[in-house]
């Protein structure tokens, strides 16, 4: 019974990682950059939704919409100001800039909302009780998993069937060729960041609902772990993000329960390192050899 | 040989500058003209300078982004503390003990560098960066599990993975001392670090890095940065030179860590986290990738400045972040680069570039 | 470090344009022997059943339409790609499982189709990197500036200038490699490759982007290099004047397979080759 409980919390945690990982993987696929600031956009989503609910007294679904709007705008602005000018620059420069943006967001949040953790009331409370009350699954967990699957299906349909989705796939294969085909690369990249950031907002709301607290640094570690999940599942692959996220969530939950709480993060990272050594493309990714 | 003269001149000025700064500051210190806060910062500044120089070797010279550099500092700090405190009775001379601690710190960090380097250096770019970050976090968590004590019988060590063990499980004899208390870190350390030792460490780092870069091995390392495939085509063993740069960088960071650890009576492993790694990265980027004297300047200025601007402490990291973004945008802007090339004579086309 | 030697005992005397080109000498052990070499990329067979023997001091040409697999062959010979099938013998030694660096130490040097210089380093440093394995001192000697460092660096400096003088580039020694004009960059790549003291030099489109007079000068220099260093040279080229002018043996590739091998005269009149380049002749 305990095992089941840990498994479920692992799947729930993994679903959040998967939603975040989607944002990473989409941006990496198209812009070939690791958006370090992604985790912090999650945090912003959390704060905006919190302010909407407590400060403005809005119902939770409106707060979520507001958070998604705010994060979308934030994501597009960041891309336009900080990343777009560096499209031709070496990847080291872009990575460092992304780190700068991440720090900027964290410290802005620190100044605006303070360092003290804020209590976050989950958007739904209550739980389902099974097996005579021995197993309790919170509604938040169920919502998280459901949202993750819904988003996954929606994104797969979007990239597969819609024009914009196909444009995104084209840009991730070959930007120059896509442009020659009449695709507006700038708009496509901005759209990718927009979608990724909107997903980050959802992830932020779900994450904060699970952990019921929020700090400026809340997004940082989940962001890093979600990137780990994206790489683990195969960067650039949507089902890879799902698989990677869920698996990593389960591994983390099990490690915390059965091996050591202190070393749970280390175990998650160790899994990443081993995966990158054994299969650099990840579980579902494809290896692209360098052209000489 | 015009080329040799120019880089030799720059190196000479770097050494001279450091020596001059040391002499001036020591004089000011002895005359009691330094503020208390500045005096307390002297050793940490030396540590951050060495951290910046060593990270520049990895990021600027080898061209690989390492986001876990603080991990090596951490390994050096805690092994240095254990060495210094463990040898307290055996070696009464403080400077000698400090020197041994620095070497021990460097050695352990070098080993960590080799262990991390062998798997990591097979990867490239972003993947390498995220894995170094992962290792930095792993090192932090592993050290948090260490419980170390010393008594007349020698060193006692417990790896407290499950969190169930405590100080009492060490089984120390009467008169024994606990050196590292798990997550609480190193406590009760005798602070034997000195500004002179810091100065000597900086000079050693300079000699190692500058001489390495201007030698055959340094050329090979830079070749890996500029064009790995071409480097292989001229018979350069990629793994060997990547490891060389990485391990040397780690060793120097370890020595800096040992000095840092012996400057404070209490030290926790969480001090050496991702934020510290980023801090040092900012020094290196702002000072110029591959530019050693730039790292020294940036590390010094950016460590002193927040103290001087106490009132703005809240905004410090925010300003760091903005400056970092602006510098990155500026240095990669084609129009700005062309403008700078016109203004600064030595970056004219056709002239040789400093490392 | 082996000294440069020329036919006339004095260093690098320019040879007359009608110098004697030795016949292909297969009695000496070939410097390169490739047998049934092949590689697949996923479902695509890029090179198949490639067989080639190059004599000790032969100048050989590898030609074929675009996409025929010529650079892929170079990449296989230098182990940038590990072959899926076949063997490569350099100086009689099987290179199975070797890395690019190991093959270079065995005596194979190359230049690249898209120039790969160490852009941020000086011209002289680029050449010294070519000489990396010939300069004998290690990391510790470098850091501690032991006598070996000073002696070896001085020798390396002199030798680098000597090599650069093949193309009269010694005055550019201090310039940043990335700032050189295109033609000079191509020549620098050749000098750097020569620094590795090879027995086989692979040149990938050395005349790309050159005008006729530069190409003529390059032709002279390639022969000069072969005669001075007594090495074999294989070049990939599209410029037929160059290929027919200096190559003693030519191998023609199409769709990853060898379609013809022989002297320039053989190749020029070979109908299979003509068809590969120009397409089938229309029926009357």
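Just so it is clear, A, B and C label the chains in written order, and each chain counts residues from 1 on its own.
Here, a contact is a pair of C-beta atoms (placed from the backbone, for glycine too) under 8 Å apart; a residue touches a chain by one contact, two chains touch by 3 or more.
Quantities reported herein were computed from a predicted structural model and do not represent experimental measurements.
K.L.:
Treating touching as the only link between chains, describe the layout with one word: line, ring, star, complete or other.
P.N.:
If you draw each chain as a dot and join those that touch, every dot ends up joined to every other.
K.L.:
Going by CA means, which chain is nearest the middle of everything shown?
P.N.:
Taking the mean of all protein C-alpha atoms as reference, the closest chain is B.
K.L.:
Could you compare the number of C-beta pairs in contact for B-C with that for A-C and name the larger?
P.N.:
Contact tally favours B-C.
K.L.:
Could you put a whole-Å number on the gap between the CA centroids of chain A and chain B?
P.N.:
The mean C-alpha positions of chain A and chain B differ by 32 Å.
K.L.:
Would you kindly tell me how far, in whole Å, the mean C-alpha position of chain C lies from that of chain B?
P.N.:
A distance of 43 Å separates the two centres.
K.L.:
Need the CA-centroid distance for the pair chain A / chain C, whole Å please.
P.N.:
Averaging C-alpha atoms per chain gives centres 49 Å apart.
K.L.:
By the touch rule stated above, which residues of chain B touch at least two different other chains?
P.N.:
229, in rising order.
K.L.:
Would you give the residues of chain A that are in contact with at least 2 other chains, written as numbers and ranges?
P.N.:
In chain A, residues 292 touch at least two other chains, as defined above.
K.L.:
By the touch rule stated above, which residues of chain C touch at least two different other chains?
P.N.:
Correct list: 80, 112.
K.L.:
Please give the residue numbers of chain A that touch chain B in the complex, ascending.
P.N.:
Residues 28, 33-34, 82, 85-86, 88-93, 95-97, 99-104, 106-108, 110-111, 220, 224, 227-228, 231, 259-263, 265-266, 269-270, 272-273, 276-277, 280, 290, 292.
K.L.:
Any idea which chain B residues touch chain A in the complex?
P.N.:
So the residues of chain B in touch with chain A come to 59, 63, 65, 119-120, 122-123, 125-127, 129-131, 133-135, 137-138, 141-142, 144-145, 160-163, 183, 229, 274, 278, 281, 285, 289, 314-315, 317-318, 320-322, 324-325, 328-329, 331-333.
K.L.:
Chain A touches which residues of chain C in the complex?
P.N.:
Those in contact with chain A are residues 41, 71, 75, 80-81, 112.
K.L.:
Flag every residue of chain A that touches chain C in the complex, lowest number first.
P.N.:
The touching residues are 289, 292.
K.L.:
Could you please specify the touching residues of chain B with respect to chain C in the complex?
P.N.:
So the residues of chain B touching chain C come out as 1-3, 207-208, 211-212, 214-220, 222-223, 225-227, 229-238, 244, 349-353.
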